[in-house]
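Look at the two complexes coming up: subunit A is in both, with subunit B in one and subunit C in the other.
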Partner chain A sequence: MDPAVNPAVNPAVNPALLLLADSRLPAGGHAHSGGVEQAVTSGAVHDVPSLAGFLRGRLHTAGTVAAALTAAACACAAGPPPPEPAWGLLDAEVDARTAAPAQREASRTQGRLLLRVARRVWPSPVLEGLARAVPNPHHPIALGAAAHAAGATPEEAAMAAAYHAVGGAATAAVRLLGLDPVAVHGLLAGLAPDLAAVAGAARSGGDWESLPAHSSPALDLLAEQHARADVRLFIS
Partner chain B sequence: MGANHEDHHHAPDGHGRALRLGVGGPVGSGKTALVAALCRTLGPSLSLGVVTNDIYTTEDAEFLRRAGVLDEERILAVETGCCPHTAIRDDIAANLDAVETLEDRFGPLDLVIVESGGDNLTATFSRGLADRQIFVLDVSGGDKVPRKGGPGVTTADLLVVNKTDLAPMVGADLGVMDRDAAAVRGARPVLFTSIRQDPTAATVAAWVSEQVAAWSHAHAAHAS
Partner chain C sequence: MPGRRAMRAGAAVATAPAPGGGTLVHRLASAPPLTLRQTGPSTVHLVSTAAGPLGGDRLSLDIDVAPHTTLELGSVAAGLVLPGHGTSEFLVTARVGAGARLRFAPEPTVLAAGCEHRLLVRLALAADAEVLWREEIVLGRHGERAGRCHARFDATRDGRPLLRQEFTVGDPALDSSPAVYGAARCVGTTFLTTPVKEPVVAEGVAVLPLAGPGTLVSALAADAVELRSRLEWGERAVRPA
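Then we have the complex of A and B:
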């Protein structure tokens, strides 16, 4: 895969991107709701329109941050310089942008499980190096490194991260509320321009310190409330 | 768990690790009672760990902890996002993570039992998660269930038909269940139990012991 290929000239989608973004990737994502379960419990999300607002907000806060960090991780994996000494620093950038302890925990759990899958599916010295440096990486770190190992570019990695930020949450809402799945997929299709914009903005790169750091206090609160709930169907 | 949690990525070939035993079956058939019985009977001689997959958070794990059959720390609960069958069959990552966490904390273990959340007759464990699997039915679900088959009934390494003490009360014919199970399972074994009457589940425990012995013989750690 030549990262220099211009997608405007060659619009072929990288098959690795499809695998990374597919909810069937067996990396544990199906059991995370991204705050939707608690939002349903609290009544904030109760139908398709309220889910639409939730997904849009999630994409433009947590999703935008995750996409930028994932693109940075993918670029870091490609080097130079050799990525291994840098993984801990980039992982700390994720910590600094993830206020709620419950969200940090969920991110590391998903990152660890994705790294496990990626090491078997796309064996690579980069992934082994990441596992040595940060065995429990945040999800954007694991996703960026896995995307590189799979032959994807930072922009493609960012697209997978942006989609991940809303895809799992949408599916969780279908399961929890019995929403019409076609209507919910219609919401995701309606977010396509936003997904493209978020992934496109993530490619600009720059210093890690200047990566986006949007906060989403409602998601932070939902995550903390969820972690303390007595009855819980989803991990997060 | 923090960033410095140790890397516990295991080779998939099974050498040098515990036998992983899946216990599946419909809601209420007695899976958790069977797991408790196995811990009670095998705990004194084997090093055990248990992973539960609850539909609602940690209900089964709490039951096992209260039963006092195993150190609390050796029981981990996995949430399954409304899809208990997905967590044991299609996306086993969270369960593998829990199993390997137990092996790292308490290993070497002889046996890790993974109890599925109650599900339907189509639920089976991935071979990537469970080396052997038990499917648990109970007679009060009706004596036609073995005939109806489904992957759990037909392919499990052991079929357990529990609550035989209830058979007269629900009009279930154990002979019919035995005959129908044999018809769909061929030579694979079927055991009839009443864990209420025998809290040690002696026959099932004996089968599991045989599996553990065979596994440890065949999968001893590589001498390296």
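Then we have the complex of A and C:
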């Protein structure tokens, strides 16, 4: 059988993408709610429909930025030129797009943990180079570099980033509000076209300065209010 | 404004050091509908001399603040963005030199129903330039659904990215998302080069220390008056009077 048409030899979905997007990847993602915890505290998210609005907004703002920067990091890791001198510049582009300090901290915490895991799961000189250049990279940088080390393309890396932007938040809402987990997974399934659009728009070429920079003012407020809350189940 | 033709206009303002110190506004180029008037030794106001912008209009404003000079730029009235033929665009480019100071605080931009607007800001700062840059967007006139808008703000300091932000308005499902604007009808930010140590939060407003040297005051509000008071509260937290 022609390997090109044999799905067992040439699968349509890259298994690396599944591993990267899997919440069971032990990179600490479960400890972050992506702003959902504070949105629940404030009452802005209180049921399945309000969670749907939250997730869509998160995907088309923070998720779009993360997907684009992740694709850029994956392409950067693939080179040429050698990526190491560029990591700091790309990391600074994430900084400039993340105004809220609580979100920068959450992103760097998750990036550091993911990089640590990825260096053991997919050992590669690119990941060692990133760890040398930026020991605590922003999550999109770590995810893009890890995706490259795992054999994924920038487009696949962008998909993992877009899914990461809503998957963790959705699970957190289930735990915080006791929502029906099947209904919430239905929401995620309903977002499939949006995920595809966001990942598809994340071009990996071109200059970094013009990459998306969508702001989500409500998320910024939620993140800083959350950092000041007395009782928290999630880190962010 | 039936029958009005799309306008292409570029206005500019530039400062120079005055002999003996201080600031001289040495270039003031108006282009209707963008008219600039000097209202003080280093103060200039944007005066609209036509309605709009309307769809199809391409307007630009270039601001050059020479090293060690000061410029304050305001506007006399809110800018009402109206529908027309195609997208309207307002591009603002500003360069602020070493030791120079710029305060950019125009009245809000109101996105009337049906408008299609693009607002682009490119701010290039010297390392020790001092800036306050306020932007306020009102999502539609009273009781009206906002038109569409894409706003992008890029600030660099010595060529390094300091703040990049985009706002999109016009998809009702996204605009009302509790992650984006929620129930707010007005969104605003003030970017300041003055750093703060700690973030500060109050109802509808956050004072956010950026990763680089600067601060962003970010606010959401039900109306323009509340938005202005929240932004000013945040600005005072950065620069106590």
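Please note the rule applied: the second predicted complex is superposed on the first by the 223 of 236 C-alpha atoms of A that agree within 3 Å, B and C clash if a C-alpha of one lies under 4 Å from a C-alpha of the other, contacts with A are read in each partner's own complex, and residues count from 1 in each chain.
Note that in this section a contact is a pair of C-beta atoms (placed from the backbone, for glycine too) under 8 Å apart; a residue touches a chain by one contact, two chains touch by 3 or more.
Source: prediction; values computed, not measured.
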| item | value |
| --- | --- |
| First (subunit B), second (subunit C), both or neither touched by A:Ile235 | first |
| Contacts of A:Ala44 with subunit B and subunit C, given as first, second, both or neither | second |
| Which superposed partner A:Pro26 touches (first subunit B, second subunit C, both, neither) | first |
| Which of subunit B and subunit C A:Arg112 touches, first, second, both or neither | first |
| First, second, both or neither for A:Val134, with subunit B first and subunit C second | first |
| Partner chain(s) touched by A:Thr98 [first = subunit B, second = subunit C, both, neither] | second |
| Intersection of the subunit A residues that touch subunit B with those that touch subunit C | 95 |
| Touching residues (chain side subunit C, partner subunit A) in the complex | 152, 154, 160-168, 173-174, 176-182, 184, 187, 189, 199, 201, 204-206, 208-212, 216, 218-220 |
| Touching residues (chain side subunit A, partner subunit C) in the complex | 35, 39, 44-45, 50, 53-58, 60-62, 92-93, 95-102, 104, 209, 212-222, 224-225, 227-228 |
| Subunit A-touching residues of subunit B, taken from the complex the two chains share | 1-9, 12, 55-57, 78-83, 86-87, 90-94, 96-97 |
| Subunit B contact footprint on subunit A (complex, rising order) | 24-33, 88, 91, 95, 105, 108-109, 112-113, 116-117, 119-120, 131-132, 134-137, 172, 175-176, 229-235 |
